[in-house]
């Protein structure tokens, strides 16, 4: 077993443990949420402990796509392309999970699956941009051209995200806000107890580890694919 | 820059000779407007409702027609291998980009010039604040073409470029569409240029940022 | 010796396919070199790299002392390319096409106008100057593309199978124009399938097989067309079996 493989194995075990701990904290460590009048609130808020880390990991994944795309254009080294492609695939899944968890939460809280709230809408834009990124990769056959063109798109797409956020915020403020401040910020305002913060941090660590593990496997897969192609070539 | 202007002049000269793209873009945008006005007939007939959909309809029209034009921007150069001939010229790749952006913007202005009056008639909608509207349309169009031209070059050698271009383009121009529609709505309901400063600022930022980035990365697109 | 083109150990791969495998080639100033080789030998890839359209994956290419990857713009100024594509805009007239490319090569207006007239005369298209390229016959387009390739007086002319699809008249005009070029000013590198025609005009023959130069000889050392043909077939078959 090579060093790389051993590291991957260790990382995946650590990730598994971290996920279990994070899960356990969510179910057993967190105190029951009480409303202002003392009644027991339902647990729908707990999805927030997934939702926020997943969203941050999605942003992290796309930042990696952006940086490695720029590195690829600068250096032309193949490994940067492998990294962007892998990170984008994982990022798209996480961005999709952000939308799902966001919708579930929105439905539990307000009775709508979708609210045109700036952050959620930006996540939608983000998801669409990188879905387009993956489609574009599929459309180019020649590996070198694919790497070059998708790196350009990876850069331009990433830059559109903050602008999307600004424009969406402008758009929302142009319409009466249905829920006032009671969107994310308001509901998250109750995160004061240590146990809540700890749970959130643990979940965050668990999801970053999950991202790292998936990324390592993905990159490893690409390398194996590469080896196969080289073997095929030498047999011709 | 000079070579970019030569390329733009060449593109426009070709276009003015055949008017192929211009005609299809104009006819297409007319069709979109007609379909909108049929689909929303009830809404259009009530004057306080029309201002809620008119700005969106107008920009959707521009964007559809614009995507048509953009998809030809580089594809037209494939005939007789002209793109290769262009790449052989002793100019920076970014000059080619600038030329295509200028030609694209001019072409879209023509389309918009024809579309807006017809839109006004079919939507029973008086156009006030013409100057402010022009500013918004110019800024929005620049942003759209700046990104669209980059993606047109990006997709020109893919098998499915006609489909791929809009798929790649639309998510990236969300920050153009939203402020443009917002500002258009405000201007059409009697707002002045001061009422849309925020939107204009956002559009200017978008135009500048994406022009600079596209200018810098463009050379990587046209490599072989 | 003054080498205007110096390619050393050039390789180029497309994904898993290696088009060029450590190719070395030096071309002297003023030389007329013909490159022969079967399909897939990497001839077109080589021309693309020499014309700075493609970057080599490995090795270096120097054109007139300049590096093809870093000084691409200056190099393009001195290169003319004629390929099987005409690089002409169908909706512009013959004259407008030449004017556009002339401007792209930075020619001053008065010089350009004179050059256009001179070239149109040379390729016998003066009477069609104002006609749209789309209305010209295929042979005429080919002749016009010769004018296009020469508009900026290139010191290197790269020819990628220029005879393909040329009618008799176009081929003759083309050969005439090619031979009239002043060798002290223009270096010519031509890819061709047509051994007879190439031998008539060139100074040196190179044969490429599978991304490498396998044969390199001055014209004066080659006896007859038949002799070269035999060598060619032997080399191509030999490499195929290897």
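When the chains are written out, they are named A, B and C in that same order, and each has its own residue count from 1.
The criterion applied here is as follows: contacts are C-beta pairs under 8 Å (C-beta built on N, C-alpha and C of every residue); 3 or more make two chains touch, one makes a residue touch a chain.
Since this is a predicted model, take the numbers as computed values, not measurements.
Novice: Write down the chain pair with more C-beta contact pairs when A-B is set against A-C.
Specialist: Contact tally favours A-B.
Novice: Central chain, going by Cα centroids?
Specialist: Of the chains present, the most centrally placed is B.
Novice: Take the average of all CA coordinates in chain B, do the same for chain C, and state the distance between these two points in whole angstrom.
Specialist: For chain B versus chain C, the centre distance works out to 39 Å.
Novice: Could you please state the distance in Å, as a whole number, between where the Cα atoms of chain A are centred and where those of chain B are centred?
Specialist: Those two chain centres are 32 Å apart.
Novice: Just curious, how far off is chain C from chain A if you go by their C-alpha centres, in Å?
Specialist: The computed centroid separation for chain A versus chain C comes out at 52 Å.
Novice: Can you list every residue of chain A that touches 2 or more other chains, as numbers and ranges?
Specialist: Chain A, residues with two or more chain partners: not present.
Novice: Would you give the residues of chain B that are in contact with at least 2 other chains, written as numbers and ranges?
Specialist: In chain B, the residues touching two or more other chains are 223.
Novice: Which chain C residues reach two or more other chains?
Specialist: Residues of chain C touching two or more partner chains: there are none.
Novice: Along chain A, where are the residues that touch chain C in the complex?
Specialist: Those in contact with chain C are residues 142-144, 229-230, 232-233.
Novice: Where on chain C does chain A make contact in their complex?
Specialist: Touching chain A: residues 14-16 of chain C.
Novice: Could you list, by residue number, the parts of chain B that touch chain C in their complex?
Specialist: 3, 6-7, 10, 13-14, 17-18, 79-82, 84-92, 223-224
Novice: Which stretch or stretches of chain C touch chain B in the complex?
Specialist: Chain C residues touching chain B: 48, 51, 53-55, 73-77, 79, 81, 83, 85-92, 96, 100-101, 103-106, 132, 141, 148.
Novice: Chain B touches which residues of chain A in the complex?
Specialist: 73, 125, 128-129, 131-132, 135-136, 139-141, 145, 148-149, 151-153, 155-157, 159-160, 163-164, 166-168, 170-171, 174
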